[in-house]
Structures are given as structure tokens and as C-alpha cells.
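First chain A sits with chain B, and in the next complex the same chain sits with chain C.
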Partner chain A sequence: MDFMVFQYPMITVQACLDGILLGVLFALIAYGMALQWGVMNIINIAQGDLVILGGYIAYFMYLYGIHPAWGVIVSPIIMYFVGIGIYKLVINKVVDRDLFISILATFGISILFMQLMNFAFGADVVLANSGYGTTFLFDSNVVLPNSKIFSAFVSIVFAICLVIYMKKSKLGRAIRATAQNARAAKILGVNTEKVYAATFGINAALCGVAGALISITFTIHPYMGLPYTIRSFMIVIVAGLGNLPGVALSGMGLGVFEEFADYILGTEFRIGSVFLLLVLILVYRRFKLSKKREYLK
Partner chain B sequence: MNKNLILYAAILIFGLAAPFLFSAFKVQLSILCVLIILAMTWNIQGGEMGYNSFGNILFYGLGMYLCASVQVGMFFPLAEWTESGGEKTFVHTPAQFFQGFGVGLVVAAIVPAIVAGLIGYSILGLRGHYFAICTLGLGVAAGEISGGIEIIGAGQGFTTPPFPNFGGLEARGEFFYFCSFISLVLTFIVVKSIYSTRFKLVLNAIRDNEDKAEAMGIQTMKYKIIGWMISAFFCGLAGGIMGGLVGYIDSTDVAFDGREMGVFMVLMAILGGKGTLWGPIIGASVFHIFKEGFWTFFLGWQYVALGVLIVVIVIYFPEGIMGWLREKYPERFGEVVDEADRKAQVELK
Partner chain C sequence: MKIKNIIITFVSAIALLLSTSAVSFAKVVGDKIVLGAAVSLTGKYSSNGVHTQNGYNMAVERINSMGGIKVGGKTYKFDIIYYDDESNPKRAAQLAERLISQDGVEFMLGPYSSGLTKAMAPVTEKYGVPMVEANGASRSLFTKGYKYLFAVLAPANLYLDVAIRTAVELNGGKGVKIAQAFEQDAFSQDVRLGILDAAKDTGSEIIIDDKLPKELNDMAATLVKVKQMKPDVLVVSGHTKGALTAIRQISEMKVDVPMLAMTHCDAAKLSKQHGKNSQYALCASQWHKTLTYKDKWFKDGMTYDADFTKMFGYAPPYQAAESSAALLVFKDAFERANSFDQKKVRDALAATDMQTFYGNIKFAPGGQNVSKPMVLFQVMCDSAGKCENKVVAPLKWASAELIHPIPKWSER
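So, the complex of A and B:
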């Protein structure tokens, strides 16, 4: 235990800034999760593995001498088609079924992806060096890598683009209609099958962007996917489906929480505290709802 | 009834003779027994109660750590033991080993059941996929947190006491086989007797419609907690045996191994058929044979195969082997089928 955080205010500032920049990334992943959950009613355990796969695409560009920041453009394009492929092979068979089936099926995909990535890219922890340098604030008491600022900025840009796209475009309208009532949308001539495929593809593309950003700001490893899934799940249940400001805020909150857990409890308890927080949030909400004799739906 | 008795006697005799008949596969047979226990107990709340838990691995890992800690801690200082790691400065005498293991197994079974009872009220209030994700989180959190605790070995793992120095590997294999086989018989008796009482009907009522069950005056929460506690009891027992069998406990790779054991138990129960007595047993046996084949011949690709297997089973075979048999031969399951109706259904398909 280490309470330096409270003795040196600069560490607090550092943790908050780190957490917020990290949280923006989480919010981007969580937005994809909320999208597919709301539209297709599936929970995708493989979300985190899609993120890591996107990260490896950027890492490979870096290995071949292309600046990894271009991964932000390339990775979502590749990941979109990966997403469509997963949808055609697996997801379209679980869309109308029990949610547990979708959880288990995507868990299978997650294990598959983990191992395939382990074969393809090796079990080393890697990062793509962007060479952006660092920014020093407050008499160089607070150190912020520029790549983190870059990644937060890119995530915000992508999120805004997506929101506008969902509001204005024809496909976006179809997606929103399907989310509201799939049957009615079908009757009114929306090809829901295509909408589902596009939704999953967009989700995978978002994961690709987030993964590329993670590969330049943090590290990636084939087995690191599950914590990202859990984080995005947590953000979605805190914020609710289709509540974008809520997603952004709770994403940042989670990021700050993690940074503080890291400082206070130690790095080895970081992931554990994330999972424990999920349990606590679910239990809290369950007790709150049970006063009204309701339960989480 | 008579026919059943003969069947049980045959299985029992086969089980008792198995380590001598297939002496090369003793460890595999012990693992199979443990897997069957896990699948059967998962089925109590996953199949019968409809609460699909990914978190029974929590009790399994807890039992594993508890059994080993008690076995060491009864005679030697635990902290020094884990610190010395592989180097054995302390040696159990045979009497100490068996005494410690026995007490350890009792603790390993009872404490997880109590833990399940304590957290049950909070966790079992969640339903459906929230319960599934919450228990998944519990399992992973337990693994991550136990990996940071010094006294049980933290990241470097915990070596369980080695088997006393007599009889060699043969005696060790037989000892652990009979431990797991006796636990399996015990589990089977308990589960079977549960399934013939009102308790099982209550669990099924909860699965089919919890709100209605509550409206009928059933205290659903009480039954859910008891169901989970029974599950936890045997999971902990299985974990304790497995810890001794493997001989080495690591927080995320052996004890709280959600990626392997935690999924295996769900998969085995689904493969065999959820909500049946024999389903998990058949499922676990088939799965174990399949898994060992893959682990032997396609080493390195086993997780790929596992992932594909999960997806295929869940999508194309969600009813499991027992469900398939039931559809094919409904008469054997005591269902009265109208012949004309059945033909019509076949034609419809």
C-alpha cells in the first residue's frame, strides 16, 4: 500500500490525466459494445480480442516501416471485413437465440482468436513506437506521452464521426430503426440481416481503431483481450445502452479508477480490481433495483 | 429398478478395477473423475436452475489453495514453505501427509460452500447474462488477486506436498484415483438423491419462470443459494484433489483457470445435455477423450480446436447428446408419443 497519491498532488493530477486519456479509448470500445448489444442483443466476449487484433495490424505496419499512426486508417478497414466474416460464420446463427448462447459462442471465438494470434504474432508483449515524444506539464512534474494525447484525440474524432453517421446516413437510420424494433423495421423494408452484418462490422472497425491506438500508446499481447471486454461491458452497464455522453463519462471514470488502483494497490492488482469493480457495480445495481422488486434486464 | 441396480453395480466394479486394468491411464482417469464432478455440479445450477455460471472455477480454485495450505500449514509454517518453492526443507511423514490431506479436503469442501452462501445473496439476485458476466468477473478477479498474495506463493506458484516416499508413482496414482473416484460416487449419490426430491422441481421452476415460482410462494432465493452451495461444496472438493494430483498450484494457470477448467465444465454439461442426470457424465467422458486426443496429437493447436469446438457445440448442438437421444428415442425416456403425431412432425421437417 502506498499513499503517495495523497501526499503529492502532482501524482494525483498525473493519474487523473492518464486515466482520462485512457478512458476515452475505453469509451470508444464500449460504444461498439453498446451498438451491437442494442441492435442485435448479443454480448460479444470476443470484443477485446478484436481490439488486440486491430492492434497487431498497426504493429505489423510498424514492423514493415510504415508509421503506426496510419494503422488508425488501415486497421478499421481490415477489421470491418473480419467483423463481417465473423458475423456470417457465427453471429448470424446466435442473434435470435438466448443471450447465454451468444456469450458462450463468442467466448469460443475469443479463445480461438487468442490462440491464433499467439501463433501468428508470438507471445511477447509488443508496442509500436510512434516516436511522438512527450509533453511536460507543471514544471515537468506531470509527464504525458504525446501518443496518449493523439490517441484520445483520434478516438474523439472517430466517435463524433460515428454519431453523425448514425444520425444522418441511410444505414445509420436503418440501424437505429432495427435497434428500436427489429420486426417493425423488417416489415417496413429494412433488410435486417444486412443491418446486423453492418453493425457487427462497424463494431469490429471501432475495435480496430481502438486497437491501433492501444498498440501505439500501451502494449499489446495476445491474451490481453478479456479485460477490454469486461471494461466495455462495465461501461455499458453503468451508462446504459444508447447513452453516448454517459459512455464517455463512465469510460473516463473507469480510466481514472484504474490509474488510482494502480498507484494505491500496486500494478499486480490492476486487472483484478477492474474485475472486482464489475462485480461490485452489478451487485450495487441489483440491490438498488431489488428495492423496487425489479432486476437488471 | 432391478436393471438400474445391475448397471450401477457394473459401473462401480468397473470404476474400482479401472486403475488396475488401465494402469497407464491412472492420472487421466482421476482427471476424468474430477471433470465429471465439475460438470455434474455445474449442471445443478447451470442446467437445472438456469443460472449459467462461469464462476464455479472460483470454488474450484479456492478448494485447491485451501487444501494445499491446510496440508502444509497443519505441520509447517506456510510462509516459509511457499518461499522455499521447489526446495523441500520440510518433509511430511506419511501419517502427516494423509492426515493433512484429509483435513484439507474437508476444509476445501466446506469453506467454498460457506463462501457461496455468503456471496450468494448478492450475486444470485442477478439474472441471465448479468449473472454469467458477473461470475466470469468473479473467477478472473479471484485469479488475479490470488496471484498477488505472498503467503500462497503469489506469482511463482505453490508446490503442494509431495507424495510420501513409498510405492512410488503407482501408489500415488492409485491414491489420487481412489480419492477422486470416491468423491465422484459421493457426488453422484448426492446429486441423484437431490434430483428425486421436491428440491429439483423447485430448481426447475426457477429455471422456467422465476417470477411465477416466486408468486407460487416459493422462496426462490433460499433455494438458489442452497443449490449454489451444493455446487460449491463439490467444486471445492474436486479442486482440492486436483491440487494434490497436479502437485503445483499457479493462480491463473491451474487454480482459477477460467480459460480452461471454467469453460470446460460449462462445455461438458452442454455437450452431454443440460438438465439431465447422465448428460454431464457422458459429456465429460466424451470431452475428455476428445481433449486428450487433441492435446496429444495436435499439441499447440489445442486451444484453436477448443475454440472451434465451443462454437460448433453451442450453435449446432445446444441440446447435447442426451437431448439428441431424447428426440430420437422418446419412449426410452418415459415419454408417451403418439405415432401419427410423430410421423407428421418428421414429415414437417
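So, the complex of A and C:
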């Protein structure tokens, strides 16, 4: 254990800022997961793989000389149709079944995507260079890469747009109605089939944005999707479904938690600590639920 | 019931037939010496798996076209049976078993990566099949007392040893402060052990010792510590991910460190993916085309580089060069043993002492090659932003002078 992070106040500030910028990005992915979980009752294990696929779209634009920042526009458009495609081929057959079936189905999709990406793009680790500079704060004691600031900013913009879209547009209202009660919505004339397809498409588009941002800030690789699935699962578990401020907050919380775990326990426990936290939260929630049940008795 | 019995008999008869016919497909068929190899053509090692296969194929073609192998007054040619191990150790072990017991292969070439070599070695050892491998550098491969395993490459613990020694030398023989970050896998941890040894030897101090997870793509925390503690050398090893992440974040966070030493730079295509940001990075390499080793088949590094590029359309990374060298070792051993007896070939392999375009090869009792040092190259860019890897250590082969210390970001 190493408590250096608390000995130098500037490192504490650095860790918090790094964590928040990272957490906003996680929150965007988690929001997509919460949306489709709430509407369709599907836990999408392939979430992280959709993110990576979105990253490859930005990477290929970069390879062909287009600035990868345009990926945050192009990638979601392509990914939206990929999402619709997956829905039509697989998800619509499992959407009314129990959760277990959908987990198996999306797990299968995840493996398929990993292998296809490996086959199509190769096993090399790649990244897209944005050429954005660096921001120095507090007498250059705190250093923030502009690519991280850019990705947090874009995530927030997309999240806000989505919230407004959900509130104001016809499809948004239909999606919310279906989430509340699919049967009632159907009776009242909502084409739930279409709503499901659109929801899955929107989720994939959000993954596309996040992927493009990850290729600019970090690195991508066909087998790197799972940690993103786990993180978004964890954020949704903590925040609950349909609670956007909750998702944003728990996303940032997770980001900061990871950074501090990295400093205190060591980088090797960074992702391990996320798993540990997930287990603790699940146990805690169960404990809370069982208390409630007793009370109801 | 009767029909079922007939079907069962029929199927087992066919199975029996197939299994016996496979055995006839043995080590030396006509004028061919059949070698077996499982390489990663799919999965996470597929790029390096393909480099390995291309290296093998190039050497087979060259040796066959230059007169083949002479054993007992007869001329033989090499042939290789390949299987795809899917980058999966379990599959690799199964395939080794299959190559030996079904295909009847009596001599093997190695797979790509230490992990897969580790999975196959117990199988080849059990059957007494000599295996010459070119892509498994982990120290633990050579401490198990394997008798039939030979590696043409330098073991992992020597990868960055040179870097530390060079840093100490430049510091006037006094110990230096080392910061290190290593992925938690067999290979990188062996590189780490090598650094620990070198630090102890030279009286250097390790002030940051981070371990990186397999899914690593963010090492900002380590770099913040580096900024704060100001070590003399930063050492990073985590395959291509580690090299790419390190350069990206060092350049973005403007981390100043006098010396940066890494592994896997050429596999990561560092200078291509990062351009000028990768400048001054020191990289450990098993081989570089400018080294002056020579042999009769490939002539020298520059010729090998040109021929390989002509044949496969890309410049050979060291993974391809060392794979080609493995075939040269086999040829040499067959001719000295003058026999296809596995024990005799093994003894001939153990007595190998030769020079190839890739380097000198002489095996220690553990099977590792001890007579070829690692080289360090430094990424150097011209003002137009074109970057090249130039050998800077050991001095004997240096084609450029080491730039030390690395200029600060504010002065670039």
C-alpha cells in the first residue's frame, strides 16, 4: 500500500480530475446500458465490444487522413445501423424471454464480435492521434491531456442531447412509455417492436461515440471490451435504471475510485478493485433488500 | 438394433483406418524432413504468429533451393505441417500431442510467445521430440531441466539489462534511480527480474515498482509518480499495449525523464503510430538489420531485410528473423548428427556453435542461447518528422550515438 496520493495535495487533485474526466466517459456507456436494460430488460454483455467497434471506425478515419474527432459524428451513425442489425437478427428473438437467455445471447454476440474484429482488423493494439495538446493547471503541477477534456466534454454534450430527445421527441416519449409498461404502451398504439429496435440502435450509437473517444484518449484492441461492459454494469447497478443524474454521479465516482485504487493499491489492482466493489455493492443491496422484506412481513 | 451395431462397426473401422494411415505420414517421407509447428494464425497473437510462420517459410524455401540438407549421403528437403493454435495454450498443447502421436512428427518448431511454448514443452519433452523455438524468451522455460528444448533467442531477463548498465555508465559508474512498470505476465515479469538483478549489481535503487494489469490502457498514475519522484530511468514492459500507452501518455502529460527504455517497440510500430512523440525511446530488440552477423544462406541482415520485404511485402520484425534462424539451426544439427535418430539430433543441437545472420547461436545447458546479446535501438527522427530506429548499444554495433539525457518537452 502506498499513500503517496494523500501526501502531496497536487497528486490528490490530479487523481480526482483524472477520475472525473474518465468517469464521465464511463457514464455515457453506462447510460446506453441503462436505457436498453430499462426498456427491453436486456443486459448487454456485448456493450464493451460495441464500444471497441466504434473505436475502430474512428481509427480507420484517422488512417485515411481524417481527423479522428470526426469519429464522434460518423461512428454513432454507423453504429446505430449496426445496432438495428443486431436487433433484427438476434435480440428480437430473445427480448420477451427471461434475463438469462438474453445474457447468453449477448455473451455469444460479444465473442463473435471479438473474433470478427480480430479477423478483420488484426490483433494489433492501435490508437488515433488527435494532436490536441496539454493543459497545465496550478503552476504545472496538475497536467491534463486535452484529449481527456475533449472526451469528457463530448460525452456531456451527447448525454444532454439524449435527455432532451427523450423528453421532447415522439420516439423518446414512446421509448419511455414502453419502459414503464410495454403492454399498456402497445395497447395504446405504440409500435413496441420499432421502439425496441430504436433503443438498441441508440445504445449502439452511444457506444460508438464512447469508442471514438477511447481511441483518441487511450488504445483499442479487439479483446479490450469486457472491462467497459463490467464498468457500465456496475454503474447501472449502483445508480438504478432510469436515473440519469445517478448514472452520471456513479460514473464519476467509479472513475475517481479507480484512480485512487491505482495509487493506493497499485495499478495491477485497478480493474480488480472494480470487480471487488461490484461484489460489495451487490452484497450490500441484497442485505438492504432482505431488511425491506422483513419489514414488509 | 442390428442396424445400429453395423453402423458402430463401420464407424470404428473407418476410425481405425484413419488413425493407422495418419501414422504412415511420418518424420522423413521420401526426400522430405517433416517438421511440425503450431503457430497462432488467429487470436490475440495472430500478427506475431504470422511473422513467425513467414520467418519459417522463408528459411524453408531458402534452404531447399540452396541444396537442402545432406544426411547419410542423401539430400533432403524441409517441409512443415502447420496448425493454428488460436493463441490458446490449451489448444497448443493438444496440437503438440496431435502432431507427435497422430501425424508422426519427430522434430518440432516452436509457437509464438512464452506462454504457448510453456504449454507445448512438457509434451515434446515427454515424447523426446527435439523442439527448436524462436519466440519463447521466458526464463522459466530454461530452469525446468528440459532436455529437448532449444531457444535461439536471448532469455527475457536480459532484454533491458543493457539499458540499466548503459545508464549507470553514463552516470559515471554510480547507481541510478529506476522507475519501472511491468505487465503481469510471464514475459514482462522476467524482464523485471532482469532489472532487479542489474540494479543489485550496479548499486542502483528502484524507487517506483508498478505492476500493470492485462487490460491495461491507462498508466497515468504511474506517470504522475514519475513526475514527482524524478527517476533517472523509466522502464516499461507490457507488450505492444504497454509501449503504445506509455508513449501516448508520456507525451500528453509531458513527463520528463532522462532515459526511457521499453520492449516491443517494433511490434507496436511505435514510430509509425506516434511519430515524433516516440523520439528518444530506447527499445530492446533481439535483432536489427544493421548488425554485421553473416551466414551462407541469407548473407547478412540487410540482405535478409530486402529479401523478406520482397517476398512478403513488409519489413521483417525480429520475430521473423529469429524464426528463420531456427531452421538454420535444425539444418546444421541434422548434418552434424548425420542421422534422424531423435537422441542423436538432440545431442547435435546441444553442441550447436554457429553464426547466422541473426546472431551467434550456442546453447546453455538449460536450452537458452547465451552467445547473442540483446541490442538497444533508439527512435530518432529528422526535422521532417521521419523516424528511424538506430542501434545505439552495445557499442560494437552502434550505428548512431545515444542521445542522453532526453531533451525536456519544453525544449523540443
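Assume the second predicted complex is superposed on the first by the 293 of 297 C-alpha atoms of A that agree within 3 Å, B and C clash if a C-alpha of one lies under 4 Å from a C-alpha of the other, contacts with A are read in each partner's own complex, and residues count from 1 in each chain.
In this text, a residue touches a chain if its C-beta (ideal position, glycine included) is under 8 Å from a C-beta of that chain, and two chains touch if they have at least 3 such contacts.
Keep in mind the model is a prediction, meaning the values are calculated, not measured.
Once chain A of one complex is fitted onto chain A of the other, the partner contacts of A:K167 are absent, as it touches neither chain B nor chain C. When the shared chain is aligned, chain C comes close enough to touch A:E259, but chain B does not.
Contacts of A:L104 after superposition: chain B is touched, whereas chain C is not reached. Looking at the shared chain after the overlay, A:L276 reaches chain B, while chain C stays out of its contact range. In the superposed model, A:L112 makes contact with chain B only, not with chain C. Contacts of A:T219 after superposition: chain C is touched, whereas chain B is not reached.
In the superposed pair of complexes, A:Q14 makes contact with chain C only, with no contact to chain B. Of the two partner chains placed by superposition, chain B and chain C are both touched by A:E268. Look at A:L127: by the touch rule set out above, it reaches chain C but stays clear of chain B.
Residues 115, 118-119, 226, 266, 268-269, 271-272 of chain A touch chain B in one complex and chain C in the other.
Note for the complex: chain B touches chain A at residues 52, 122-123, 125-130, 132-134, 136-138, 140-141, 143-145, 147-148, 154-155, 259, 263, 266, 270, 300-301, 303-304, 306-311, 314-315, 318. Residues of chain A that touch chain C in their complex: 4, 8, 11, 14-15, 18, 22, 115, 118-119, 122-127, 129, 134, 143, 145, 147, 218-219, 221-224, 226-227, 259, 262-263, 266-272. Partner chain B is touched in their complex by these residues of chain A: 43, 90, 93-94, 99-101, 103-105, 107-116, 118-119, 226, 230, 233, 237, 266, 268-269, 271-273, 275-276, 278-279, 282-283, 286-287, 290, 295-297.
The residues of chain C lying in touch with chain A in their complex are 42-47, 87, 181, 184, 210-213, 215-222, 224-225, 227-228, 239-241, 244-245, 248-249, 252-254, 268-269, 273-275, 277.
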